[in-house]
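For clarity, chains are labelled A, B, C and D in written order, and residue numbers in each chain start from 1.
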Amino acid sequence: MTNTSSSAQDKPLDGWRLKLYTIIFEADTVAGRRFDQAVLIAILVSVAVVVLDSVQSLQTRWGGIFTAIEWFFTLAFTAEYVLRLICLRRPLSYALSFFGIIDLLSVLPTYLAILVPEAHLLIDVRILRLLRVFRIFKLTGFVNEYTSLGRAIQASRRKILVFLSFVLMVVLVLGTVMHVIEGPEHGFTSIPTSMYWAVTTMTTVGFGDITPKTDLGRLVSSLMMLLGWGVLAVPTGIVTAEMTAQRQQGGNGGGATSPSTTRTCPNCLTEGLSHEANYCWKCGTELPAHQHDAT
Amino acid sequence: MTNTSSSAQDKPLDGWRLKLYTIIFEADTVAGRRFDQAVLIAILVSVAVVVLDSVQSLQTRWGGIFTAIEWFFTLAFTAEYVLRLICLRRPLSYALSFFGIIDLLSVLPTYLAILVPEAHLLIDVRILRLLRVFRIFKLTGFVNEYTSLGRAIQASRRKILVFLSFVLMVVLVLGTVMHVIEGPEHGFTSIPTSMYWAVTTMTTVGFGDITPKTDLGRLVSSLMMLLGWGVLAVPTGIVTAEMTAQRQQGGNGGGATSPSTTRTCPNCLTEGLSHEANYCWKCGTELPAHQHDAT
Amino acid sequence: MTNTSSSAQDKPLDGWRLKLYTIIFEADTVAGRRFDQAVLIAILVSVAVVVLDSVQSLQTRWGGIFTAIEWFFTLAFTAEYVLRLICLRRPLSYALSFFGIIDLLSVLPTYLAILVPEAHLLIDVRILRLLRVFRIFKLTGFVNEYTSLGRAIQASRRKILVFLSFVLMVVLVLGTVMHVIEGPEHGFTSIPTSMYWAVTTMTTVGFGDITPKTDLGRLVSSLMMLLGWGVLAVPTGIVTAEMTAQRQQGGNGGGATSPSTTRTCPNCLTEGLSHEANYCWKCGTELPAHQHDAT
Amino acid sequence: MTNTSSSAQDKPLDGWRLKLYTIIFEADTVAGRRFDQAVLIAILVSVAVVVLDSVQSLQTRWGGIFTAIEWFFTLAFTAEYVLRLICLRRPLSYALSFFGIIDLLSVLPTYLAILVPEAHLLIDVRILRLLRVFRIFKLTGFVNEYTSLGRAIQASRRKILVFLSFVLMVVLVLGTVMHVIEGPEHGFTSIPTSMYWAVTTMTTVGFGDITPKTDLGRLVSSLMMLLGWGVLAVPTGIVTAEMTAQRQQGGNGGGATSPSTTRTCPNCLTEGLSHEANYCWKCGTELPAHQHDAT
């Protein structure tokens, strides 16, 4: 009840910084929700532009416009990033958090493309492009539902690891066997290539770029496919057993039990604080009054 | 109990319109069942003709007969459509309902093919052809069982959406990664193409029209396939958990609990009204006496 | 308790016919078990010979031996078929039963190949060959376990039919869509071919002999694959829910609850009669004393 | 309680052999754990070297280093194998046990490659290489988790066998049908090849190296794919039902109930003996005091 953290830096935010903070980090006011929606649309549009820009015919025609839009969103996201840093008391802890790094990575590629203008390095720019797509992961901040799937995967973590290690052992042994049986002349040029083929076969993807040609190879492949199907029934079994159990425990797996808010501690960025809380339950910081609309 | 809707247009149908209505919209009399069976067969035959007509060799030989049959069924379905409009008090609400639109779309293409006779537009006629196949959806009116599957999908709607958005994010990121690694020279010409490849790979379809050629690309593909299998175990888990739950709640998922009729409100087209009902439970219209055979 | 079927033809078998009957139709004596094992091995060997004979290189070298073995087994199975007919009181009911027809079909092809010796009809002989493979279905007589799987499929029959009709509708509509989008120049030559491609895609087989080339076609394909995976999670869900239910009802699904015998009614061929039974529970025929070894 | 096995050879180990035994066979002391970790890393590194050595470009460049590393690990594993034999009282029972044979097979290939130096036999050396990969199975010794998966498979053994025999029958019959329909000119050169294709199709792998070209063949293939999907839903159902049952019986399938040790009987190599045990529960041998660190 008593405020034990009395140092100046731990004082709750106030004035325009509190207002900004409420808009940017929380979504319980009209302004906050509008801001989040705007960011969501901006992310989708900017990703769409990156995708379209990669199509040669569109790039030739609208390349300039695409670049302009890309720059517009890069600047907008940069501004947003700076504002996020400003309205926090400990910007560094944000900058080093998972989403802080994602936010930074989603604006950097466009800038790096200027600094490295040589034509023969354009191929590097492509790899920076890739990083820009990580921007989309900001979407996860808005979707509360992922928690359920995450929990199911978390609970089956150990089983999945054992399963994966078993699959890798089988893939290694059978990949080697096929490398020996078929040899380089039928496309199984090396053990890594044969392992790639073995994964392709056991997951039932079956591209067909490498296929067994000898009778023995085809026999081993047939056994692999049957084995593969049996083995790969295991993750389905794990996930299904987990989901059936979650259903029977009364939860619908949607995390609907906790009346969630987007109230966020300005010190340690813990999310989902209760409306009534005066102090963060994690770091003890005194919280500013929660600004939210009655709903 | 008391009839509150006393306007002239709300009076129950009578005479030949009621008889027609009972035959066309309901299936609880001998005539109604025969009519439905006839429509069912007509749909199957006319769809079969469209399918066979698309085969070049058959089209050359029996093209004339196919066109004749197509016209016969188009006229028959047109007559049926007109009769449906006539025997209803509010034809517009039928015309704008889902099945009303399907009924219209299933006859329009043949007529449109006359109005647009230019040779270079034949390719458009093909797309109209496609719509004719929608005629088959009228089949659903006869099959009561679809409800069960629909209910299972309905119940898992939110989970499936979250799952799909996750898959799309993974497909986008990994599609971009492969576009960067393999590049246009190995078939990954653009991000959309790479995303198509990523979907092909993660759903374990694996056409093999585009395949990774570099070692790094093959490593990433292998990880994708394993990830893909794990990720795609999720819909199976969702559906299975839902079905197991439905079984345990006593229902066999076949909607057998409600003794279903095909009695239909002539005003709002609500189906499955009880034999004893005097008024539609949805719009309050006074219903004509239900004509049905003892069974 | 009293024997009501007193006609001469209903009298229990006796003498050598009863002995033969016990050996051929039942497997509760040493001789009966040995006979069944011999038939089992004969089936496997003769099928193996048919399979090896189809390989060109082996056929050239050992064609004569293969033909000899095939004739040996054909004669042996013919003798067995005749003996089966002899030791039954109503041979016709056996000859018209499912396994009676299978037994006949498994010997006919070899004889038919003599009667039709023209070279240009050899291609027909091949199709007769195919029928010989049906001989293997006699194996099912020995495996009691199939019942369990059969029961699970039986219980889900209605659901599977609804599911299949839905898949066929989706395949028809999407096959037509792809025929219109891609057209004959990309391999989608007709609606049946497009439907074959749609089945290939939705079942995640993905041969890659026909693949979409246009951007729109690839988009539709991607949606199809995701839809296909969702749709095809349904049979897994159905089977799993059924199996989970069977487990919980105490049975291990192996039909182990009934202490099974191979005692067979010589009149109506009902299998699994109890040791103590004096009359067939199905047709009321008086049964000969059950000959079996203590186990 | 009383020691009945009093012969000299059954006396517990002592001195350096006991020390060595504790380090090599058990992992409850610091030294024992370090040894196991070292072996684990050695296995992974040596397998990695074999894999990399198979890549032509790497082999050309670092072939010498790879051979050196391979020899180093071969000698190390040989030394380990000899030490294992020395510190046991009954080395033969180890040498003939599953892991004893694996241990031997993992060092033999390198030596055999010397004895058979002729160039034209290098292709044989490749097959010996393959055996070296079996070395990785020693990993299983470290992972306690495999037990759970093994138990699930054990419990469903009979069901899986029935399922496999059914799949093989379907594959045989449909492979023959396709051989007859498509014939050698479309790639279905023999029944074994057609069976390979049938397995490829029914497991939804679909390489596409052999594909049906005729309309009838495509129809049969489509039916096969739908059937295949239904049939292959069965192993998923079996595994899932088993896993759901295991969950409900309170176990999380990870074998966490038994506080496991790595204490091993020096006589019969039974693992997981309790800390307090004085005699092996399997063979009755008097055990040396268990050396372990408090944890």
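Basically, a contact is a pair of C-beta atoms (placed from the backbone, for glycine too) under 8 Å apart; a residue touches a chain by one contact, two chains touch by 3 or more.
Predicted model only: the values in this text are computed from it and were never measured.
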(request) Find out how few touching-chain steps suffice to connect chain A with chain D. (result) 1
(request) Return the chain whose centre of C-alpha atoms lies at maximal distance from the corresponding centre of chain C. (result) A
(request) Indicate whether more than half of the residue numbers at the chain B-chain C interface occur in both copies; give same if so and different if not. (result) different
(request) Name the pair in B-D, A-C or A-D that forms the same interface as A-B; by residue number, over half of the contact pairs must coincide. (result) A-D
(request) State, to the nearest whole Å, the distance from the C-alpha centre of chain B to the C-alpha centre of chain C. (result) 35
(request) Would you mind pulling out the distance in Å between where the CA atoms of chain B average out and where those of chain D do? (result) 50
(request) Would you give the residues of chain B that are in contact with at least 2 other chains, written as numbers and ranges? (result) 192, 195, 204-208, 236, 238, 240, 244
(request) If every chain is a node and every touching pair an edge, decide which shape results: line, ring, star, complete or other. (result) complete
(request) Within their complex, state which residues of chain C touch chain A. (result) 204-208, 236, 240
(request) Using the touch rule from the top, collect the residues of chain B that touch chain C in their complex. (result) 47, 50-51, 54-56, 126-127, 129-130, 133-134, 136-137, 139, 143, 145-146, 148-149, 152, 160, 164, 167, 192-193, 195-196, 199-200, 203-209, 232, 235-236, 238-240, 242-244, 246-247, 253-254
(request) Could you please specify the touching residues of chain C with respect to chain B in the complex? (result) 158-159, 161-163, 165-166, 169, 172-173, 176-177, 179-180, 184, 189-192, 195, 201, 204-208, 211, 215, 218-219, 221-222, 225-226, 228-230, 233-234, 236-238, 240-241, 244-245
